[in-house]
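Here come two complexes built around chain A, the first alongside chain B, the second alongside chain C.
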Partner chain A sequence: MATTMITTLDRTSRAAARGLSDMSIRNLFIIPTILFLIVFNIFPLIYSLGYSFTDFRASTNAPANFVGLQNYRDLLNDPYVWSNFAITAKYVIISVAGQLLVGFGVAMLLNRDIPLKGLITTLLLLPMMLSMAVVGLFWKLLYDPSWGVINYALGLGNFEWLADPKMALYAVALTDIWMWSPFVMLLSLAGLSAVPKHLYEAAAIDRAGPFYTFFRITLPLVAPILMIAVIFRTMEAFKTFDLAYILTSQPTAELISIRLYKMAFQEWQTGRSCALAYIVLIMVLAITNIYVKYLNKVKER
Partner chain B sequence: MRKTMTSLLAGIGLVLACGTSVYAQDKELTIFWAEWDPANYLQELGNEYEKETGVKITVETTPWSDFQTKAFTEFNAHGDAYDMVVGDSQWLGAGSTGGHYVDLTDFFNKHKVGEVMAPATVKYYAEYPGGSSKYWAIPLEGDAVGWSYRKDWFEDPKEKEAFKAKYGYDLDVPKDFKALRDIAEFFYRPDQKKYGIAIYTDNSYDAMAMGFENALFSYGGELGDYSTYKVDGIINSDKAIAALDAYKELYKFTPPGWAKSFFVEDNQAITENLAAMSMNYFAFFPSLINEASNPNAKNTGFFANPPGPGGDQFAALGGQGISIVSYSKKQEEATKFLEWFIKDETQKKWAALGGYTCSAAVLKSEEFQNATPYNKAFYETMFKVKDFWAVPEYAELLQQLNQRVYPYMIGGEGTAKETLDALAADWNATFKKYGRGQ
Partner chain C sequence: MAHIQLKNISKSFGNHTALTGLNLEIGDGEFFVLLGETGAGKTTTLRMIAGLEKPTEGQVFIDGVDVADWGAAERDVALVLQQYSLYPRYTVRENLEFPLKPKIRRLPDAEIKDRVARAAKTLRIEHLLDRKTDRLSGGEMQRVSIGRAIVRKPRVFLMDEPLSALDAKLREALRTELKNLQIQLGATFLFVTHDQIEAMSMGDKVGVLNHGRIVQTGTPHEIYNNPRDTYVASFVGSPPMNLIDGRLVNNRAVMAPMNFELPLTIGAKTFGGAKTGAATEGRPLVFGIRPEDVYLESGAPVEARVHDVENHGVEKILTLRVGDTTLRATVPARTDVAIEQSVRFAWNADKVVLFDKGSGVSLRHAS
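Right, the complex of A and B next:
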């Protein structure tokens, strides 16, 4: 008897009597998902690509005129947009590096038998569970030079975290590090606990030093999972909007998503903002691709 | 099969039930506005209208920060969720040319609204393009930027003596921009956690532009020529440059961290004993005379934006007019509400509830001017206000102003002349892009 890929239902079973075959169950689950994706993701994606070649403004009833690559040309020649990209790159590097250091560091500390380990881990995860907007509002109060608790605790006097153009971006990155380090910590903990204990025993027998053990055993084995954390966090950091928008309005901390929001929903330059969104999308895709390639390489080792 | 039919019928029944309930609410009008006290007062006024006519008025609100976005999202979708909208004065261009607002010119002429309301409010809240005698809104909430100050700090004999010794004249409500600066400097004492002045600096919407305009207009400067769209030599004139420097000078005497401040922060400066003087829209002053929201309510005074060195005295305009949304299916019902709204008795009620009426008769009445400590300053201001550009692309012009002025004001980059020259070039390019002037 020939076997088919899909096992068919026994015609005499109760399920068959109810009239639901595996095929229809599959369709029942998959078709709505695909429809949802097409309607809410793929269709707008393609539609907005069309808009990016026009001078369309959603705030008027005037028809959209085809302008070719004009929007892309203008955007790539706009020094403000380039400065937004530079700021975003700086922010992504500081924020992701910070989260990696803090998150992995805390995971190393927690990766041993200590009392109340479960409770501590849960408490450390709390920041990640808050809403970005709420975190932004809280940290704005914490950073306040007149009544903020940070300056009070650190004895910094009237140090201006958010009002100083040079400091604002670091202040936003610091908040992001506080919020998302637990995520890196959680992934790192999973990776660390999966490192076979016998490797450490073997290293101890060979009298390997702590640095050698860390760089030759721990890090290579945790690397793939750390790479996943880096991919997620980079993508998220690239898209950061709420946190930065609430915390500061310094031009030195204006991330690309804030520029995009202003262009699309305050100035209603719909066509041009679609073009900018595509430029951002291509960049995120490119960066993610490099990471994924690297991740595959790490996994192969 | 029978099961399917039953559920189908039940579903249809439910839809019909919901449908009829919608039809039952036919005599209901929805007004969209930002979330602030005046919107609550408007709701109370709407309740009076319901008592009289049976038509229910619902005032729907959203926070200021996404008011513009939400309103235009609804317009762009041609949605009829709102029958009327109390839109910002700068929206007139976008609202009228975009086809979102109903043309109210006939209504205006029939009811002589131009004579009922104060002239500046008609010019800036209702007419577009400027001087065209085409009207798109009825002035609803008059508003402008004024100042609050700490009477107790100003009246302290020791302070008065020290001030006179230092500056050679009496400490009093500032007579001009120079006095405003001197008083701000005088009270700036970081060691005592006391600061001179609170101003607008937020660059996410129009806050900083409004603050700068206060200096600009009183210094005799202008943003540009509203009929020819000429900006070169106007926004970067010597007067405008001096005004920008004067506004930047005030920033020195603000409380620490004053780089993203708008109405909330500026009122906090008074309630939290931070500053001697604070700039704000009149619409936010009611909470300053309320002891529940301001522990210094008894010691808070108010004054109109002072004149500049040339004696010109103007203020930046806030406030809104009410427009009928062209996608509403109840435009006739909405027009009836507006007819009721412009009546003298309604305007009196509106003022008594806490709304800032634009009715010239009510504004001029003694009763109104003595009703609160700030009504007199409001009356004085409302006859000398000027506004930002109201063209459909105003948001781009605003963004360009923020982009140029903020780094100079807060970051100290470049000079006032460089800043305003660059802004003139930006605005020229924008006007050229939309084929205006030239």
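Right, the complex of A and C next:
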């Protein structure tokens, strides 16, 4: 038997007896996946691109008419859509910044020798493991103005978290921060524990204060991994749907994905919603690209 | 510049005792080398002086002040580690500026520039100043980390095996440079190493550490020629001192298991006034003799066979076999010997060090 890196098919094996070559075994594994991807991801993606140039409505039998860039033109001139984008941007900034602050802070606290560190870390990760919908339903109960535990604990009386137009978006962001800070924490913890201890010792010897050490040593070394956390969370926050949809119906908390859902499945403007979906996709791609560029720059330094 | 004193220091990590009853004094402007095997407690000692570790018992004095409650920053020491610990992502210049830049004790820019330039010049790294630290070779990195120590003018320099990770040539070069630097700065250096050659060549004083205890402190000359016990004798020197069990009978060394005898001159010169004569007669002893004090001569008293020959260029190190025991001899390179050849050897009787067989302590040091 030759011991090469790519093992050749043993001529006496059953696979060989059935006439399966290495290539056909490989295809056996790959082709179903590719087919699945094409049928459920790539085909709808391209098909919806086609619809985005039509006035197609899935609720009627009327044939789709080609309208060119009309849908895009309308959407980009629609102040309501723009306000949805503004709300989404605000939501993304609040929620990602909050997660970063809380997650990194907790990671800093955990990055030392404390008893039961493993257990505490695991427990802190639990919110992340829950389903978005479940978190939404639970927090709706927690936020309840008359008998919710949050108002009870904070002594806020009948404060309206989700029905108050000014508060609703923050309440959703708060829930998102609660749920996803552990994710940032986990990545930060990995980054922090990778900073060699002797660097801190050297800094202490060099008489650097805690802030100086943090900004000159800790942060630059953890920055790349924090950047990855930010990319992930921004993308996720941008497309948040279930959490916000379950928690509140306030127009001030109507994220772009909710607007999209309503347009597609309540107003049945299929063609136009496809166009909006493409606009969102392009935006997410653009933002991610900016981050990735920045990430590479951080890594290079 | 400072005077350092450790008084009765003990340190344990959990069940493991790293240091026991350590007493150490390092004079102002002295180059003190702490020598010991891996795990002897050298680094722990150093970290305690730096303030990175607290002693379980005992006190550390810097310039006569008990510094128990002082952090590393207040002690004003510089520490150079084996793993360089340069700050990544910064240039050499930024690394050198680092200790000068914290806000609290920030120096004027001109002063920072001046100090960095001077340190770079001293260490000959001027051409590297604008390079990122990950593009440096090992020797360059270690120079930068030494540079980061000297820009600050600390009271004490602590060096934890700074040369161990470098290759032999570079190690030799930096050894000389470090020693010159210390003379130039007139600073107090505490240098930790497991390499006895470094200790011998650099130290004004050497402290030998074994299992958390200081075994002997003295000048390299004292340590080499007058080891306090068999541990120091076998640890210092390469090849190490020959240690042969035997007895003293009528002013002759009788090596019991090897069945040979050598003359030994007993006098004030040899024993430095230690108890000799009747008390020593017949008592189980260990005779210590440096390989360079064993010589081959045709008329010499003992016959041996050449077991092994190591050619070191300037000299040859022979392993001689008498009976079933071996001993080393350093002979000039031109000596013509072959393996299994029969030779006769003798020793410089006044260089022999006698150790007590039971305690291992040299008779010159006992009492």
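Quick note on the criterion: the second predicted complex is superposed on the first by the 278 of 301 C-alpha atoms of A that agree within 3 Å, B and C clash if a C-alpha of one lies under 4 Å from a C-alpha of the other, contacts with A are read in each partner's own complex, and residues count from 1 in each chain.
In this section, a residue touches a chain if its C-beta (ideal position, glycine included) is under 8 Å from a C-beta of that chain, and two chains touch if they have at least 3 such contacts.
Just so you know, these numbers come straight off a predicted model, no measurement behind them.
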Quick one: classify A:A202 as touching chain B (first), chain C (second), both or neither.
second
Identify the partner contact of A:N77: answer first if only chain B is touched, second if only chain C is, both if each is, neither if none is.
neither
Return first, second, both or neither, reflecting whether A:L162 touches chain B, chain C, both chains, or no partner chain.
first
If you stack the two complexes on chain A, which partner ends up touching A:Q250: first (chain B), second (chain C), both, or neither?
first
On the A-aligned overlay, A:R216 touches which partner chain: chain B = first, chain C = second, or both, or neither?
second
Greater chain A contact set [chain C / chain B]
B
Flag every residue of chain A that touches chain C in the complex, lowest number first.
196, 198-199, 201-209, 212, 216-217, 220-221, 301
So, in the complex, the side of chain A touching chain B is made of residues 58-61, 80, 143-147, 158, 160-165, 245, 248-252, 262, 265-269
Considering the complex alone, what residue numbers of chain C touch chain A?
50-52, 71-73, 76-79, 81, 83, 85, 87-89, 98-99, 101-105, 148, 152
In the complex, chain B touches chain A at residues 68-69, 72-73, 75-76, 94, 97-99, 190, 193, 202-205, 255-260, 272, 274, 392-393, 395-396, 398-399, 403, 406-407, 410-411
